[in-house]
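Structure, as structure tokens:
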Amino acid sequence: MIAILRPGTTKAQTEPLIHWLEQQGLKVHVSVGDVHTVLGLVGNTEKIDMDMIQCLDIVESVTRVSDPFKTCNRKFHPDDSVVTVGENGPQFGGGHFSIIAGPCSVETPEQILYVAQKVKESGANLLRGGAFKPRTSPYDFQGHGEKGLKMLLEAKAATGLPIVTEIMDIRTLDLFEEVDVIQVGARNTQNFDLLKELGKTQKPILLKRGLAGTIKELLMSAEYIMANGNENVILCERGIRTYESTYTRNTLDISAVPVLKELTHLPIIVDPSHATGKSKLVPSMALAATAAGADGLMIEVHNDPAHAWSDGPQSMTPESFRDLCERIRKIREVIEK
Amino acid sequence: MIAILRPGTTKAQTEPLIHWLEQQGLKVHVSVGDVHTVLGLVGNTEKIDMDMIQCLDIVESVTRVSDPFKTCNRKFHPDDSVVTVGENGPQFGGGHFSIIAGPCSVETPEQILYVAQKVKESGANLLRGGAFKPRTSPYDFQGHGEKGLKMLLEAKAATGLPIVTEIMDIRTLDLFEEVDVIQVGARNTQNFDLLKELGKTQKPILLKRGLAGTIKELLMSAEYIMANGNENVILCERGIRTYESTYTRNTLDISAVPVLKELTHLPIIVDPSHATGKSKLVPSMALAATAAGADGLMIEVHNDPAHAWSDGPQSMTPESFRDLCERIRKIREVIEK
Amino acid sequence: MIAILRPGTTKAQTEPLIHWLEQQGLKVHVSVGDVHTVLGLVGNTEKIDMDMIQCLDIVESVTRVSDPFKTCNRKFHPDDSVVTVGENGPQFGGGHFSIIAGPCSVETPEQILYVAQKVKESGANLLRGGAFKPRTSPYDFQGHGEKGLKMLLEAKAATGLPIVTEIMDIRTLDLFEEVDVIQVGARNTQNFDLLKELGKTQKPILLKRGLAGTIKELLMSAEYIMANGNENVILCERGIRTYESTYTRNTLDISAVPVLKELTHLPIIVDPSHATGKSKLVPSMALAATAAGADGLMIEVHNDPAHAWSDGPQSMTPESFRDLCERIRKIREVIEK
Amino acid sequence: MIAILRPGTTKAQTEPLIHWLEQQGLKVHVSVGDVHTVLGLVGNTEKIDMDMIQCLDIVESVTRVSDPFKTCNRKFHPDDSVVTVGENGPQFGGGHFSIIAGPCSVETPEQILYVAQKVKESGANLLRGGAFKPRTSPYDFQGHGEKGLKMLLEAKAATGLPIVTEIMDIRTLDLFEEVDVIQVGARNTQNFDLLKELGKTQKPILLKRGLAGTIKELLMSAEYIMANGNENVILCERGIRTYESTYTRNTLDISAVPVLKELTHLPIIVDPSHATGKSKLVPSMALAATAAGADGLMIEVHNDPAHAWSDGPQSMTPESFRDLCERIRKIREVIEK
């Protein structure tokens, strides 16, 4: 940790601080510059409250040299972690690439089964579908809840696809016993009590980046899960809130993929559907994320009922998804070499 | 609701959509422009899924004309709501202005009692203090929890100041029975299951704007509480995440005060301490928020132990808080006229 | 254009507005809803000042249905534009993909010639290099200016690579006579007088998105150039300013590529070097941009002198650039099918 | 300057860097930590290119300890600067507070004269009005240009109010000879060639913060003017671009006032009109800025013609402006004590 002192700080003011820091077990290196004096603190600086030092009159700024994340830090675990879903199931990380696909919401048993079969044929490795839905408005559809979970499990039984679905309320954890991957949504990335409880399970956790979450915050949230004993964490970039919201709902931060690859050994996947909010943008963003080195993708695929009144919603249909999977595989071949 | 159709959309494509909308009970007004056809939808458009229409091939964009928030909307409730804490306690809104003050964390029974006495003398109407603390890092101090709540209640008993403290986990709600105002922090503004449960109580809820929350989202979160039966909601602007984070932690959006005053009848207070992250900026921001018409303030005040090694933390001390309260009162006099 | 009137607006208040709008030559469609009345304005709404109507007491909001950009709008020009540099030179758009490479600043005649030769061998189609440098600080190196331009032209003469370099001050335009592509940097995207003058030339203009520019603003700036007669505009996404600036300088908005492809017929290239600010992130972002459908790339490549004191800057060297070009070509093959 | 080296960097790798830094005339303090080695560089670090060191393989991060701004830095000039307009004219800074008011655009000689007289009566100290207008669209009104300047000068002659107006193109500087304060708009804050030229005059320059400019960038732009010889710079906060743009055009960053007060001795004023984009928000934001300690305000005031078809635009009229000035004076009395 480095503390930069304000100009004009006297030796008499500095010494009590140095003395106190040394009592905390730190070594203090003092560099006296023309304008500023700089203290370099060496030792177990984890225990020091950075904000407390920051607010001292004589301190201009404090910088932590060490990363605040430990268990997920690649510095202490250079090899990629591989997260395996179930026994011999699909894998993420360490060269393994898997695709999660399915509808935004589970609507009916027929719908979810139909989509499950279709996405499996096209190359998806896991099935997604929302049973508990976080909605900005209390007046919007909140998901089928427990019934939706059952529909998902039926689709799993019929197709063999492991399932991924979101938890919103820690009191419902028991209902997720047969769910293969538990998703933490962007609004709950810093719901720390939820993360702690999930840390006590051994299930793979799909942890989405917050709506306007930093990369460091995402890693600290992973740390909450891992510090409680569960190292099966899959990170998910899903777009961040920026000033640009006319043509895309959020801005997909694809550079988060190589940045996270350097900082952590955990697998990172990308959800282009929620980020852009427009299915016509999904294929190009899915290909871009693959080319950037993501360990997987999460893509919304809808069934395509014959709407009498329209030539069909412009969403990703099972057919367009199959074509996309084909191109994803080819991009993977290029970048794996 | 207004739907703008893509250029080149034929009548044959448009008619099934109009037919379907009419079946949903809406009246549809069609305006044919040189380039675009515009559909004006009149009736109970709440039930229509905007995203679903948005994703049709023939639709360029959809705009909701009515606000999505109802119960908190000033259009349907022109007079200010007044939230009263306890019986004959401090009030927020409708010309009533109250100040919440206290330390960030409850540390010891002596500390919280001392600060409570001091802020009461200076003019604070409520005592704040964190017992359950949301921390980005699992390795940071997480608050004294239930013990911290007890210390707060003791300080309340001794001073008569009603208390405000944050809930993080809905499973701990029983512990908040004697808490006067329950705070929902910025990381839980969209923890919808928590909001729903708080809506079933009748306690005043202090609802903070999300870390990067929009004004509309804040109102929709208030709506979650109110739709479940609890209309005692106090909104709190606490700074938003922007690209500028070198000199302030967040950007305090003081314009949210007059904007919210127009949109909703609920009281709005401002927390300048968390927004700026620097206590030296708190006085000027507190005065600015008061001048902008806020219904109250929430200010961190620390006790001021004689640190041997420093001339004291640069935080807001009871003394500087007293001076600030004096000036706040004078600003109130100017704007109340 | 659509104007939504405030609730409670009377017919007597509305009629003078309608009358005035009709005098401006517009047809006005009136839809009376339960809460709001909506006016749909049809005709040449370009001439109407949206802000003026917006600020009327009886108006809640105004939405433009037509895009404000015309000449660059794909709606009126469905085919891709192809920008050709010089006669038979490299091309951008309409299936043509070109790579611009070179150092950030032109330093010496030897440096720029060396880099030019190297990037040409590796597959670059144009040479970049800064002669006039926009620097945040007046105390930083401002570029070699006119001398730097001469060094670039010598490198062009020796290698045959067309050159791209930035203009900052319209008074220097004469110096750019032999420059093949004139670049407008992110700080000048809304320097409208500069854009107007460049619109009077016929040179290809490489127009960068502003530091925090919206997609609409980028298109309106292109419109400034095109409305003055020059349709040879190449758009460039170069990262936008967001709250995330710890691990990347800006956030590269790769979704801007498919978004712009839909809105405009102009070619779009991506500059991953400036966006990320870290050369180690450049290859993955260059591949991602290619996979997303960009019409070209602009990449910083440095020469690699044997620094005695280091194992070499971690920048993109001619060698790593050659490998990258190889993979870019393979990605192009995948997405062109 | 502090350089933090990557974990695992060997002494053999570090030594050439230290040697090179010492050759540049710096003293290098080395602190060896458990994970990281930290170099503290003392001396004239201005000359060192931070980016160049940043990109070395062995360097994890570089932090500048000294501020990059010098001439405007309060550390080297503790007293407030006072900018005086003309001889014995209105003043900004050092306890002096002035109000600039007037219409967005100069429209006719009658309009600008009328507004000038009205705002003078109400308490404005300077007259503003746009002659050269930066417009996002080339199809929007670009201002009356030179004719507009003449109308402003006539209004000045008639009322005695000094005038403030924006320059967009350095080639028009001669036209500004009789203008009292030259404004640099938010789109030109980093038009460095323009700033350099204005630095060669002795006129007061009103420098607006960029559309999405940081506080540091604003100070560096002031530095461009001051480093060229003109120290008469007035800074202006005018709202920054954030994700919240539904209810306000930009987010007025009032905390920039106390932040800038600490960093620089230059006066800081606030423009609440452009920031919010809604005149109904202007009074509360003007009062807030005054309470926060701003040295002045810039407010748009329109004349109020009897529009036959409306009860008048909801803009700030001369009457509402007079009331506002009254309350501003009272807030000033509170905070001056």
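Order as written gives the chain letters A, B, C and D; numbering starts at 1 within each chain.
Keep this in mind: contacts are C-beta pairs under 8 Å (C-beta built on N, C-alpha and C of every residue); 3 or more make two chains touch, one makes a residue touch a chain.
Note that the coordinates shown come from a computational prediction; the quantities given were computed from them, not determined experimentally.
J.: In terms of C-beta pairs in contact, which of B-D and B-C ranks higher?
T.: If we tally the contacting C-beta pairs, B-D comes out ahead.
J.: Compared with chain B, which chain's mean CA position is the farthest off?
T.: Here the answer is chain C, farthest from chain B.
J.: Between chain C and chain D, what distance separates the C-alpha centroids? Give it in angstrom.
T.: Chain C and chain D have C-alpha centres separated by 26 Å.
J.: With chain centres taken as the means of their Cα atoms, state the distance from chain B to chain D in Å.
T.: Roughly 31 Å separates the two chain centres.
J.: Between chain B and chain C, what is the separation of their C-alpha centroids in Å?
T.: Centres of chain B and chain C (C-alpha means) sit 39 Å apart.
J.: Among the residues of chain D, which are close enough to touch at least two other chains?
T.: Those would be 212, 216, 241-243.
J.: Please output the residues of chain C touching chain B within their complex, sorted ascending.
T.: For chain C paired with chain B, touching residues are 2, 4, 7, 29, 31-36, 38, 40, 42-43, 63, 65-66, 75, 212, 241-243, 245.
J.: Spell out the part of chain D that touches chain C in their complex, as residue ranges.
T.: 13, 15-17, 19-20, 46, 49, 52, 55-58, 68, 70, 134-141, 168-171, 187-188, 190-193, 196, 210-212, 216-217, 220, 223-224, 227-228, 241, 278-279, 307-315
J.: Which positions of chain C touch chain A when the two form their complex?
T.: Touching chain A from chain C are residues 212, 214-216, 240, 242-244, 246-248, 251-255, 257-259, 262-263, 275-276, 280-281, 284-285, 287-293, 327, 330-331, 334-335, 337.
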